[in-house]
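Here is the structure we will look at.
Labels A, B, C and D are assigned to the chains in the order they are written; within every chain, residues are numbered from 1.
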Amino acid sequence: MNSFGRVFRVSLAGESHGPAIAVIVDGCAPGIPLAVEDFAADLERRRGGQPGTTARREDDVPKIVSGVYNGRTTGAPILAVVHNRDARPEAYAELIHTPRPGHADWTAWRKYGGFNDPRGGGHFSGRLTAALVMAGVVAKKLIDPVKVDAHIVEIGGSADYAALLEQARAEGDSLGGIVECRASGVPAGLGEPFFDSLESLISHAVFAVPAVKGIEFGAGFAAARMRGSSVNDPILDAAGKTATNHSGGINGGISNGNDVVFRVAIKPTSSIGRPQRTVDLRTGEPAEIRVGGRHDACIALRAPVVIEAVTAIVLADAQRTGFQPRP
Amino acid sequence: MNSFGRVFRVSLAGESHGPAIAVIVDGCAPGIPLAVEDFAADLERRRGGQPGTTARREDDVPKIVSGVYNGRTTGAPILAVVHNRDARPEAYAELIHTPRPGHADWTAWRKYGGFNDPRGGGHFSGRLTAALVMAGVVAKKLIDPVKVDAHIVEIGGSADYAALLEQARAEGDSLGGIVECRASGVPAGLGEPFFDSLESLISHAVFAVPAVKGIEFGAGFAAARMRGSSVNDPILDAAGKTATNHSGGINGGISNGNDVVFRVAIKPTSSIGRPQRTVDLRTGEPAEIRVGGRHDACIALRAPVVIEAVTAIVLADAQRTGFQPRP
Amino acid sequence: MNSFGRVFRVSLAGESHGPAIAVIVDGCAPGIPLAVEDFAADLERRRGGQPGTTARREDDVPKIVSGVYNGRTTGAPILAVVHNRDARPEAYAELIHTPRPGHADWTAWRKYGGFNDPRGGGHFSGRLTAALVMAGVVAKKLIDPVKVDAHIVEIGGSADYAALLEQARAEGDSLGGIVECRASGVPAGLGEPFFDSLESLISHAVFAVPAVKGIEFGAGFAAARMRGSSVNDPILDAAGKTATNHSGGINGGISNGNDVVFRVAIKPTSSIGRPQRTVDLRTGEPAEIRVGGRHDACIALRAPVVIEAVTAIVLADAQRTGFQPRP
Amino acid sequence: MNSFGRVFRVSLAGESHGPAIAVIVDGCAPGIPLAVEDFAADLERRRGGQPGTTARREDDVPKIVSGVYNGRTTGAPILAVVHNRDARPEAYAELIHTPRPGHADWTAWRKYGGFNDPRGGGHFSGRLTAALVMAGVVAKKLIDPVKVDAHIVEIGGSADYAALLEQARAEGDSLGGIVECRASGVPAGLGEPFFDSLESLISHAVFAVPAVKGIEFGAGFAAARMRGSSVNDPILDAAGKTATNHSGGINGGISNGNDVVFRVAIKPTSSIGRPQRTVDLRTGEPAEIRVGGRHDACIALRAPVVIEAVTAIVLADAQRTGFQPRP
């Protein structure tokens, strides 16, 4: 389903080349100042335009349809909408019968019996992440003074990736990357043992972001190659401060008061200009496609603000449930 | 919360050194043959006893309290219980005020205001995974003929790890490992775009397993270092068969009919015999602890069957929801 | 929260005098024909204009923003919006500090700390039922050939109520009424024992409709005054057909294949022209108000199509979950 | 499904003539004193033994399997179990193929394909309400100082019903009744507009109780026959105190600080000694049954404590979610 959260709940709608992208944010506390201008900075971070990202131009000026009165949240559901202005559905017409490898074209066709909107990936488009970002803007206000900050760690396997990007784009190819996200100021006590561990909730939300294929908390996969005596974070005081943070700020599924830190693996953009093998769904015969249109050479470049958004959504929900830890 | 699933729902209860570990499995289809013997093989895989695992001896003979009549499931909730026979709570008494680094001791104490059961980790104990395994046995029956198989890929960074294990144990230390899980026969069409992507659901459930710190699907983190032209899986036919499986059997959050494959990073057992720095919660002063009792040198060795269980739980729920893909 | 349903899920947004009323319908099967014209008949039934209903004129022409392509549902979330064209927020300005008795004014002010949108009831307005009706139109298509039909049984205590209505309106007063709803063609097997009984699900949804204060299934409150030998419905055949339908088509929380029948009590419109005692929230002093603006003398007249809508929503969700009964 | 609640969650299991009835209560705050003795009074109220109730003797001494340590809740799930000691499954053997009119026999058989446990109603038995009562005992502690009190208003249509009961029992028949429930001390601000209105949540839980066929809040069905000028409760002060309580303490789905009051219609026990028409499921031919065994002549007599329990469960969950109203 396209919604997430128990008491702070986000519901998505929209298609890449339909009229709009929209999100309902339910369970937002009343009295929070909120204006369309508040969305600008994060939407700008998500937008195309940088080297390596799509040339599609969207104004991305959201409208707040409900849930705000006199400049403040009312406690009622917030409906925020971004209209699609630069849709060029014709660019994708040829792809309808030849699903792009690595994309959701085939699974969407199969699951929805061919009724899915295929234009630009339809509801599966990365453009839907604009809705996540808008919800994230609200969530970030709710979790203040907790701060969530995500940034690129590497692209194409390197921290110094400008030349790699240029080369990939020149060759009609794409690169993936790794994003690190850090939430600082997270109070101890968020998350639950077992099914609603903070790692469970964050990973659930992070894998909602298209192209994410992996997540690791703290030392993550490296911890699997270390010894317990090295991985265990020495506890320095009764407030839970640790000397190292191999746990990524979470023990037993519960935040321990240190920074929550995780890394996310983002695969290369699946839409590439190079020829790829696929099948013609009308005939069942092999086919070759080259994806035209405007695409990112590296979708990971636009991912950090989206990862921040879903993380803030999780924290906003988690802080509303569970018991309060003792002061 | 200690439950998971929308229409196939698993709820956990129990403590390491309380009377029993229990699980309610709700939403199981009626008419499925189920007997206590069916739990034996998977519980045995989870149990201690192998080199590198705890010396704690549990019979682990479950009782089916409800939901089964005349040897078959009735459609009513199944309550399965495993009694704790070999509890030695006194072994942990000294740890109550000196939380073990890397364990949930401190976060549980903080979140629950000191009222948590501290004996052997209480509700946070890895022993609770027996409840997950029991639910997994039921789930595996429901998803048949889909098969879920998990196995150790490496321990301490190596596929040939017998000597490493012996050395770590001799030194009172512990090792982590990596488990790979493969679900074969998964029909195309399971999972949803965005928040209920199959990766979201699986990762949510997998991070419910204690000591898991990372997950990656298909090529995972390696995909972040590849080019799109290499990562994209060529589509071979209209049934969605692909030449490679870098996607791990999931595109756009939806199963594509190829094997669902993922790897899980499991950190070293946090309870080790070597001295560790912690704090005395009574005084706030630094303290040093050595954890006695009976512990695994490598909890990852017991993890595969638990990873299988939570994966089967996800698939059993996912196949009951969503639309059926067209035949 | 403003959403309902496990796998067919409806989420509301909007205010009476804000820009629009909106609904996201998630989990709709793909391939269902859907056009804005399909909403017209039910929205018209809900609209003001009949004797006894508000003079507020709304075009109520919805827009389908997402989830429909080439005239059919795609399987993605459907966002439907009705813009508010005839908003006169100034009519309510005076009421902000003097909450209307029987209305949500005071509770909304209290719960949301005074940040709620007070214009015309804001998010609490009966106008939000337009969103329910739109979702109901989709749900009715999904449950076809099941038919849901609701109608007025009595107004002001009488089945022949034209004169009562006229008199109440002339006196600046309002009347309540009783709506009976019948779902025919409901297959046996919907609903669950205990918490998700079909009565639980229907009543949950029905009490989401403003002004509803009671519900009874089958013989309902009258059954409490009968003997078992009279209430029990004789079973006529193996298909579950019963000679009477005192159970309202539900036994043990599960539909039995007979019509599902229930009645709903709707209180009189709380906004009336007669003077009422309230409090001035600025001073805490007693105050008297007379509610101007345009109001229904009997909101119950517009309720049947809303009751149908929420019933269809419940059935659409219930038929997607649970086990299929054997044929 | 057999669970209820968003962050305070109750999950049921068990059958009338299986080994036990059980409940998992998840989301209980830590540090609450809880002992098996605490369950005694409410379980005693629910038990048979009074005139008009079943002669079945159960000790109903619960065991607390988990979630309590040193006499206080730990924050972990509480598993409470009541073993069935006086099961006489043979008394029901004859009924397996001739479903009792008014009971869940036929719907359970149909929904679960004949695999349901038919002994004494199996999972559909009123005996499961012992699990609700146990969860209610925990919930009542959590909502303190809010008090929930339910009592019989009438049986067989009369407040003075001793003779009616005696006569019905002598004739092998049964009576229904009406229970009124009052929650006092409920803070203003519980419940949400629309789908999670407090009426929605309470009615959802109340219809989980077997034999309930109607519910009305405040003036309820009578309100549908009154005028707005009479139904609207005059507001007396800024704290929301009202002169009357026709709203049952709820406006716009949200508690208004006055007592929450509702009445519940409970149909006559469906198991009666008088001959009834049914069908033989083996042959499809008409059949006549007389139900032997031990039954209540009036199940409503045992219902008040169960209604209290589910009401307390709703309030315990509602007070953990939503925003806090301003002081």
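We take it that a contact is a pair of C-beta atoms (placed from the backbone, for glycine too) under 8 Å apart; a residue touches a chain by one contact, two chains touch by 3 or more.
As the structure is a computational prediction, the values presented were derived from the model and not from experiment.
Student: Name the chain whose C-alpha centroid is farthest from the C-alpha centroid of chain B.
Tutor: Relative to chain B, the chain whose C-alpha centre sits farthest away is C.
Student: Contact counts by the stated rule: is the higher one at B-C or B-D?
Tutor: Pair with the higher count of C-beta contacts: B-D.
Student: Nearest whole angstrom, what separates the Cα centre of chain C from the Cα centre of chain D?
Tutor: Centre separation, chain C to chain D: 25 Å.
Student: How many Å are there between the centre of chain B and the centre of chain C, using C-alpha atoms for each centre?
Tutor: 44
Student: How many angstrom lie between the centres of chain B and chain D, each centre taken as the mean Cα position?
Tutor: Taking the mean C-alpha position of each chain, the two centres sit 36 Å apart.
Student: Where in chain C do residues touch at least two different other chains?
Tutor: If we look for residues of chain C contacting two or more partner chains, we find 1-3, 7, 12, 30, 75-76, 111-113, 123, 193, 322-323.
Student: Which positions of chain C touch chain D when the two form their complex?
Tutor: Those residues of chain C that touch chain D are 1-4, 10, 12, 99-104, 106-108, 110-114, 123-124, 128, 154, 156-157, 168, 173-178, 188-189, 192-197, 199-201, 203-205, 207-208, 210, 212-221, 223-229, 231-238, 240, 242-243, 246-248, 251-257, 265-272, 274, 276-279, 281, 284, 286, 300, 322-323, 325-326.
Student: Mind listing the chain B positions that touch chain C in their complex?
Tutor: Residues 6-7, 29-30, 75-76, 193, 320-323 of chain B touch chain C in their complex.
Student: Which part of chain A faces chain C closely enough to touch in the complex?
Tutor: Spelled out, the residues of chain A in touch with chain C are 1-3, 7, 9, 11-15, 18-20, 22, 24, 26-27, 30-31, 63, 65-67, 69, 72-79, 81, 111-113, 115-117, 119, 122-123.
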